[in-house]
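Look at the two complexes coming up: chain A is in both, with chain B in one and chain C in the other.
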Partner chain A sequence: MEMESISENEYELFFGPAHPGSGNFAVRLKVDGERILSARSDPGYLHRGFEKLMEYRLPIQNAVLSDRICVLEPLNWNLIHAEAVDELMGIDTPERAKYIKVIMAELSRIQSHIIWYGVISMGTGFNTGFKIAFGYRDYILDLFEMITGGRVYPAGYICPGGVRRDLPEGAKEKILKVLEKMEEMLEFEKLENPFHLDRMENVGILKLKDAIRLGATGPILRASGMKTDVRKDEPYEVYDKLDFEVPVRKEGDAYARYWIGLEEIQQSINIVKQALNNLPDGDFIAKEFKKPKLAIKIPEGEVYVRNEVARGEAGIYMASDGGTKPYRVKIRGPSFLHMIPVLEHLLKGAEIADVPAIYWSLNVCPADLDR
Partner chain B sequence: MERETDILNKISAKFEVEGKIQRKQRIWIKVDKENLIDLCKFVKEIGFGHLSAISVTDWVKDGKYEVIYHLWSYKDKILITLKTRIDRDNQNINSVVPIWGENAQIHEREIHEMFGVKFEGNDDLSPLFLEDWQGPPPFRKDFDWGKYVREKYYNKKNERENIYFEEV
Partner chain C sequence: MKVDVIPKLIKNLFSKPMTVRFPHESIPIPDGYRGEHAYNIDKCISCGLCAKICPNRAIEMVEMPKEYRDKYPKKYPKIDLGKCCFCGLCQDICPKEAIKLTKNFFLSTFDSSTTIKYPLPEKTSKEEG
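What follows is the complex of A and B.
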């Protein structure tokens, strides 16, 4: 890419892709002194073409592929893929499977929000927070290893029809123990920290009107004052039977977004506890899928499924022409809008020093942007 | 299901569309290319302010592209999907950027890159994900990735690479 020639004070600056704090993603900033005149996102470093890859594969293979849509919360993406196939095939998953799915999705949300806290801390110069966050996240990864077999990638644990394996013996006690640890972590996170306050208060303010126009969803939209959550608006699995709150803030700045993340961890802990208490007995996978069959015909039709993942609204559009493979899959990642229109909007007029705080307060994931 | 029926009635009173209620909170509507923009303006007015996604399905046997708009209403908590078909050889469609702003802009930019659909009125359709891409739009059904990679990057006569040319 060529740099444009610019006047004396104006110059161009790349944030990423080799920046330690940006992930596989770049923003080109046009800068005048310390002030950013305009920003242009430059994605594509992680483009793997999942939408096309899925057209060539069976749902049982796509379940494994769906892990990779977002590195930081693979189980949530497993869940939404499985839901799309289930709805298209008209499969009703057993009650126990639904509870296990919710437990896994919420654990995944907790560890993703803990990473969020970690990277915000790193971006604002509080490196201890980053290290503590990644240490505590490992407790949840241990759980994932015990239940799914994989620490980060569950290899399609949540698959069409239910889950691959039942919870192992003693899982409930272990999950409760890990939740205690998470509450410990949350107490630490909630300490008022001058690093976070100084760097994030009144920085990157996103007004509600702009947020809706730019397509912000999830915690980013809630931090701007809109009370909305796909789990409440359009309950999937068993969310309508669980009692939880949707944290909302009005300020819309980076600190509000950060604080929403902390409050959501508490809500997710509550959800997991309730789901564990109400966990029914029974099958963990629908009988159509009990014996793994490779090629099952998907009935003709189309669905659009929405889920609340840690970053916001996720969507999968799936169409089938009656074959064994989906005809078309469209994946809507929340970071697609958070990292292009929202980020460009917030960076315009900001100062260079605020870039990491704004960037990480959006809870970004280049993987679900590029797909 | 009352709200769904209400909204569908409101729309079909004004426009000639083929609509159905798939399930709770899901309405699917087929509309002509000519009426699309008017319908989009109308649904935005009645509350569908959040453009969740735009996607395209390539129905190669029919020679059509199907452009699909998924819209969510925060007020009614309903997802409406507008579908419109355009010819594969004449892949022009009016842009919805004036209605949904930057959100629509970025979705259309992606689709233009992956399918080659031209959105008239969208002034920035520059490449998004692919850098220095010379081939045809890669998400089209008639584009074979394997074949393209074999022809472009591998040599059949090379001993170490000819394995890629074997029939599986």
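What follows is the complex of A and C.
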């Protein structure tokens, strides 16, 4: 074994896992003075083993479990799990359920992008932005509390066959009122802020070629100049009936990624408004799932579904051997590739002070990386 | 930076703050909130479906203590609130509406034995504990 040569200025620095600016995730930085020579991601701090847990549970119980895959956008993960089971079992969900699913998924996306804005602001030292973002996020949590019964965890609200409850009375007016507040917040966020410009412009530039090579998806890839969105490329639920745009930027730096997030909030608000206007009457769940049942057999087969969640492209592979429980579940979280290859690539050559700006501009979620 | 500072300032001076002073006032809790369970033993038919669907296995079917066994001879659900994730599947699957989730979310306690809900509250907890 060869000994590593040690220079006087070189040392190893841990960013996380118990660091206020990293969130249950560690990056080992090899630094020379202020400059980072190499970075190594150190995942595993938050591993809970969902893939194995799901093999021992019924689909309706897995719907509850799927909340926990990503704490910041549980409804999107509910949706993708429900879609996988629906496709495997060949269930036709009612039209109303599809619209409610889209409304809830988009509200969840808005809420997640608001957190993104908040943590970017916190990472770059703009604490007012953090407080405003989390204050406005609570209006959406109030909606979730009214519709699903829980503020953060909807407990499998979007379940196989549809949704567990219908929208309560007066929900449409309340949602529209909250969307008005979101637009008010966007107005504030879209102001050109010197804090954000100084800390993020030309920092952590991800070129399109590298982004594709390293497997970036979603807002990160769009900020590097590629127009891609699963909602447009391979529409699921009722996205093909809704009119929305895919924001794209060419710069590929942290500021472009941050700006993509803000533009996506605006698009999501438009989607929710359209879906609310077109919301049809009818059942909110397929007949065979109206009451949860224990002995529903999943037909033999395998399926892979992909969705656009707030952080990028998520996928669930599910295989069944004909029993009541899935034989194998594989979860593809978008943060896995953003936090290991992309982050390591961007941190190389950066300065220590830029680490939070680069880290949070990738819209990371350690929970769905470690799953 | 283009901000109309003075109109915004005046608007903010006279608008209500975002936060509420919690112990004195609180935001209203909507119907259908998933809080602590309310269990009605007289409606229960001891089918055990709630114990089977519970994702966290927080519900266990237990026998009643001897003095109540004449009146309640079957097994009844014992709920461990420490394991519960408040998903409400037990409420949905119950054929007789014996379990319902209430709006009560004040569940923090200094005494760990109070996190377990017995079928008959005060009477059975001493027997087993």
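Everything below uses one rule, namely that the second predicted complex is superposed on the first by the 365 of 371 C-alpha atoms of A that agree within 3 Å, B and C clash if a C-alpha of one lies under 4 Å from a C-alpha of the other, contacts with A are read in each partner's own complex, and residues count from 1 in each chain.
Please note the rule applied: a residue touches a chain if its C-beta (ideal position, glycine included) is under 8 Å from a C-beta of that chain, and two chains touch if they have at least 3 such contacts.
What you see is a predicted model; the values in this text were computed from it and never measured.
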Superposition on chain A - do chain B and chain C clash or fit = fit
Query = With the two structures laid over each other on chain A, which partner does A:G323 touch: chain B (first), chain C (second), both, or neither?
reply = neither
Task = Can you pull out the angle centred on chain A between the C-alpha centres of chain B and chain C, to the nearest 10°?
result = 100
Inquiry  = Is A:R165 touching anything from chain B or chain C once the two structures are fitted on A? First, second, both or neither.
reply    = second
Inquiry  = Once chain A of both complexes is superposed, is A:P235 in touch with chain B (first), chain C (second), both, or neither?
reply    = neither
Query = Should A:G156 be classified as contacting the first partner (chain B), the second (chain C), both, or neither?
reply = second
Request  = Considering only touches as defined above, state whether A:V64 meets chain B (first), chain C (second), both or neither.
outcome  = second
Message = Output check: A:P341 vs chain B and chain C. Expected answer is one of first, second, both, neither. What do you get?
response = first
Request  = Look at A:E145 in the shared chain and tell me whether it touches chain B only, chain C only, both, or neither; answer first, second, both or neither.
outcome  = second
Ask   = Which partner, once the models are overlaid, touches more of chain A's residues, chain C or chain B?
value = B
Task = Once the structures are superposed on A, label A:K291 by its partner contacts, choosing first (chain B), second (chain C), both or neither.
result = second
Task = Once the structures are superposed on A, label A:G135 by its partner contacts, choosing first (chain B), second (chain C), both or neither.
result = second
Smallest distance from any CA atom of chain C to any CA atom of chain B, in Å, after fitting = 10
Request  = Using the touch rule from the top, collect the residues of chain A that touch chain B in their complex.
outcome  = 43-44, 47, 49, 51-52, 212-215, 217, 226, 228, 233-234, 302-304, 306, 313, 315, 317, 319, 327-328, 330, 332, 336-337, 340-341, 344-345, 370
Request  = Could you please specify the touching residues of chain A with respect to chain C in the complex?
outcome  = 57-58, 60-61, 64-65, 135, 138, 142, 145-146, 149-150, 153, 155-156, 164-165, 168, 191-194, 291-292, 294
Remark   = Contacts from chain C onto chain A in the complex sit at residues 1-3, 18-19, 27, 29-34, 49, 52-53, 55, 85-89, 92-93, 101
Complex contact set, residues of chain B against chain A = 22, 25-26, 28, 49-53, 55, 57-58, 68, 70, 72, 74, 77, 79, 81, 100-103, 105-106, 110, 114, 128-131, 138-139, 145
